[in-house]
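The following blocks contain the structures, represented as structure tokens.
Two complexes come next, and they have one chain in common, chain A, joined by chain B in the first and chain C in the second.
So, the complex of A and B:
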């Protein structure tokens, strides 16, 4: 309360100073060089993210399709029609269901594996630098190239099925309605692991050594120490990894497009972004695609907020 | 989140950012049709067509220094249609694209991106004279030509003679004309271990994949019926069901794999047969000793009565073009007998001429393996030129994948349901 009512003398002085500045100086502020450095990025954000986002929201409420300049086609307001089309579309519902499957497999896998690996890589093990670099390689490898390798591994006559022999699934991984999406989730977990491990490694540096010493004095074993010291100590990183994994899942496109031949089999691995591409670009319905995009953004925001709240509650 | 926003706004970015470069769509069409000057054209990016495109442009420029043509390959993208669609929206499409897919024409037309060629005196007559009755398939519902029928790739059955011989099958006249023959031959090929697959069409869900499994056989079975005629779907019929049952057997019996092959299964000897047009011959050169035959029908119709899918690519003029007079002249030049002969020689693809074999007798005498394609080119069936063309094909493909390929649904019921949806799509604008 008192903080809110007592004005900061520095800000008062700042206001007085700004008030006495000429208009140009007022526009660029007291640090014109800083403003000059920031402006291009702000312009980039506005042009590439903010304006298209606002325009996409506008499109989602209108009957809109791309036309040649000067074609003079009206774009009447249609209210929630595009949203009704999206929500009533079986293909869209299937795509959201697929993403739910993806998240259920991918998020826990990413969190658990990267935390375990980061803990191992944080310890004094031989070739530690090599392993740290090795886990990061998939993250910086082009998705198309990585998909090529996985196709070779998981195709019907691929290496994995050859090793499994009679235990190989039938139908095979990429053409099985049950296995296609979980396999994509595993692929993405593997590909993104480098970043998650890096985030956890950074977080592990911030866990106070004293906590480990105290746990040791209290007689805690390695597993107990990991569970009671490491896991709570890296909770902010866990939150970040969960949110990033959710966003990556929501943006899934390359993997269903290439790994399972356009979201197959029979739409079992189609993602909302793939459906957006089909409707907006291939089929010429950018208004419906925009509505789907808006729904997707809202869902991602909701899941991210829920994850944040859930993990923060654990922090208290 | 940033990537999600980017994804959400992809369409908007196309429409808005590119539109800033635009211009030209709203000019007076009469004046533009009479205007002459430099123009730009795009052609396909396969090596053979690039060679033809460069030679054609050079030949034109040598004779018309004041109306210079600048040619280039279609810029890279997931598909040519996406790139052309974006260019229409941006207003920077070239004057002519020598690779316009007939299925994309209704959408480009709706976008206001195409010039009706009927704007030019005698154009419709010229098109009909060159292409014959087949040209009618390329008229839009308003009766105008927004594309010039250029070249077709009649889809046929290629077979690998070496693999057939290994399986003990006649390589000169293989038993492939009826569905029963085809299935028996396929079983022999796979069960003998001569090939991993009898045939390996892409089992994926892209809207255009049905042009290379269902459509050629449906055209043959029905004697030349399109997927949609007079605004009504035609495939929910005994003939459509026969074709679906044939492919369903191939998939169910493991004669055609349900998984995509990453590469060219025929060129690499994994599949004994391929269903494709003559453009692929260049890819098989030196790799496969191939033979070619018509697609099968339930009764084994002879070649002279067998229709197939055209897999045509046409030439369209785009509204961003200012010097349309020159563009029309280039279009006529590029489809003259001399240029058609050059196209045939360089690419092996069939110019959409009604008198193809008679116009180029020397070529077919020197290349007897192409005679079958020339004959079949007279009986090609095109995708229907109707609104929502891509949506219609995607609906069909989804039903096909769910029933014929994966077997999750009954093909009869799936085709029936798809026909109902497609009927609505064809009726709406």
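So, the complex of A and C:
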């Protein structure tokens, strides 16, 4: 789907045509005013993406600290010192472990439930747009507002615990070192599910009808058909959902900050971004925080590539 | 044995009956059964997804919030708007909403003007560097904010002195890359002749943009507004870093501060928090419900695919 929209045949035709143009037009294009139209956006990209990106990497290799504006303090090159600090830090290791827990809970939950819900939505059933909207409402809601309710629902004497009665966990969800992070993973699954349902719905509509007919002719049951036709058919969407979950997990801040009161109990639900905030801004070590950011991004890229490799293998 | 045979007979009869009305006799019955199954699945899902919102609303309207199951049922004698007064008293809804509005409005304005210009140029105009710029537009959608958080903080707050300012809040969000993509996709889908005809008539590129492209782009504009709105309106981390002055904090930041303080100074802190959550959630949810058919899967799918 994206390939069809992204690869624009006209732009290729346009550049081929450029060969027959006068030399000036060949150099600047047929409508050079386009450059003027995009200049503000390019300036924005340079100021907000390119320059800070380079600055972050530079900072991670230097001894950087906050100074008064304009103070000419040298920031000596320190090689991999900041990275050594990051990798040797227990808090950081704990935060990365927490994200692993997050992914282990969040990814299967999101993939299974959103595929089931999307399959249900794809069947010819009434009230489709109502259901679609219902799943999407948490996605458009501010995390801060949603956290307000979840705090109450999962508090010690909250609704969930009073429904569970004697089965209620002790210590309660948000203050339990084993349950705090899984609960954050469930919260995020609930909040982001609408998007993955939409992605799966689009993918389901692209699975060729003939495959279902063939499966039916071969006498495959409904579950068998689902497993052998639907699941492989939506693999690109699964890949995307896994990558999105990784990105969301790596970006986690509001939930551990508010839902579990600053990554509690005792760092059991701290996320790397929360640690980055604590180290970089609260404790004034932006160089160490930048190194942590670089490590985090490298991890996200690695997981994205791995899941791409792993989930694409079936297609070959 | 007899029952099965009877049932078989009845099935045959009903099949024949159905056969009179529909060409595929056994299909309606099977579809009926699976429809019930799927409806059950979907309804259960919808209840799970929507219950927290129901609870938010009921809790916000109750004088005494009951954390148990009874708290989810509104009781007439217990209803009040007092919680909204309490949260207004604590974090001044008027001021924080105004701040959220300026932050979101600034981002929307920049995105609609600069994003439209860029999206239009990328789709319609032939200029040097267009291909590489489009590649960059796709790339920046996947640049993670967590890597940029520290350098942006150092630059905007420390170097440029934009702490506690709307400009500092707006700057990193000024042009939403997804909206640029939405505009670009919209203009690509328009017939090329439209613009060529205007060019042959001797219209300048600026005139073509203002007289031809802008009047046509309402559907893309609406999608772009919806996609862009939820970003700054719901954003917590960045304004939290930049704005420490309570007079300029957007609602999300002020409410988060109030939650961290466990609802200081209110006789019903949970009710006040939930009332604030309702006020924060309402605009985005209302916008989404009003224009939900514009939140199509293709737009969102292509945007996250980057």
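Everything that follows uses one rule, which is that the second predicted complex is superposed on the first by the 276 of 316 C-alpha atoms of A that agree within 3 Å, B and C clash if a C-alpha of one lies under 4 Å from a C-alpha of the other, contacts with A are read in each partner's own complex, and residues count from 1 in each chain.
In this text, contacts are C-beta pairs under 8 Å (C-beta built on N, C-alpha and C of every residue); 3 or more make two chains touch, one makes a residue touch a chain.
It should be emphasised that the depicted structure is a prediction, and the values quoted were computed from it without experimental measurement.
With chain A as the common reference for superposition, the partners chain B and chain C occupy clashing space.
Of the two partner chains placed by superposition, A:221 touches none, neither chain B nor chain C. Once the two complexes are overlaid on the shared chain, A:72 sits against chain B while remaining clear of chain C.
Of the two partner chains placed by superposition, only chain C is touched by A:41; chain B is not. Judged by the touch definition given at the top, the superposed model places A:289 against both chain B and chain C.
When the two complexes are overlaid on their common chain A, residue A:267 makes contact with chain B while staying clear of chain C. In the superposition on chain A, contact is made by A:175 with chain B only, not with chain C.
Looking at the shared chain after the overlay, A:53 reaches both chain B and chain C.
If you count the residues of chain A touched by chain B and by chain C, you find the higher number for C. In the superposed pair of complexes, A:208 makes contact with neither chain B nor chain C. Residue contacts after overlaying the shared chain place A:125 against chain C, while chain B stays out of touching range.
Note on the superposed arrangement: chain B collides with the chain C stretch 153-161, while the other options among 27-35, 153-161 or 171-179 stay free of clashes. When the two complexes are laid over each other on chain A, chain A has residues 47-49, 51-53, 55-56, 59, 66-67, 69, 148, 151-152, 155, 157, 247, 250-251, 253, 261, 273, 276-277, 280-281, 286, 289-290, 293-294, 296-297, 300 in contact with both chain B and chain C. Residue ranges of chain B in contact with chain A, taken from their complex: 1-17, 19, 22-27, 79, 81-82, 85, 88-91, 93, 107, 110-113, 196, 202-207, 257-260, 262, 319-320, 388, 390-391, 394, 398, 401-402, 405-406, 408. On chain C, the positions that touch chain A within their shared complex are 31, 34-35, 38-39, 41-42, 45-46, 48-50, 52-53, 55-56, 59, 65, 67-69, 71-72, 114-115, 117-118, 120-122, 124-131, 133-134, 136, 138, 140, 142-155, 158-159, 161, 171-172, 174-175, 180, 185, 188, 192, 205-206, 209, 230, 233-234, 236-237, 241, 252, 255-256, 259-260, 270, 273-274, 276-278, 280-281, 284-285, 287-289, 292-293, 295, 297-298, 300-302, 304-305. Interface of chain A with chain B (complex): residues 47-49, 51-53, 55-56, 59, 65-73, 91, 148, 151-152, 155-157, 171-172, 174-175, 177, 247-248, 250-251, 253, 261-267, 273, 276-278, 280-286, 289-290, 293-294, 296-297, 300-301, 304. Contacts from chain A toward chain C in the complex involve residues 1-2, 5-6, 8, 10-11, 14-15, 18, 27-35, 37-38, 40-42, 44-45, 47-49, 51-53, 55-56, 59, 64, 66-67, 69, 113, 116-117, 119-121, 123-127, 129-138, 140-153, 155, 157-159, 162-163, 190, 193-195, 198-199, 201-202, 240, 244, 247, 250-251, 253-254, 257-258, 261, 272-273, 276-277, 280-281, 286, 289-290, 293-294, 296-297, 300.
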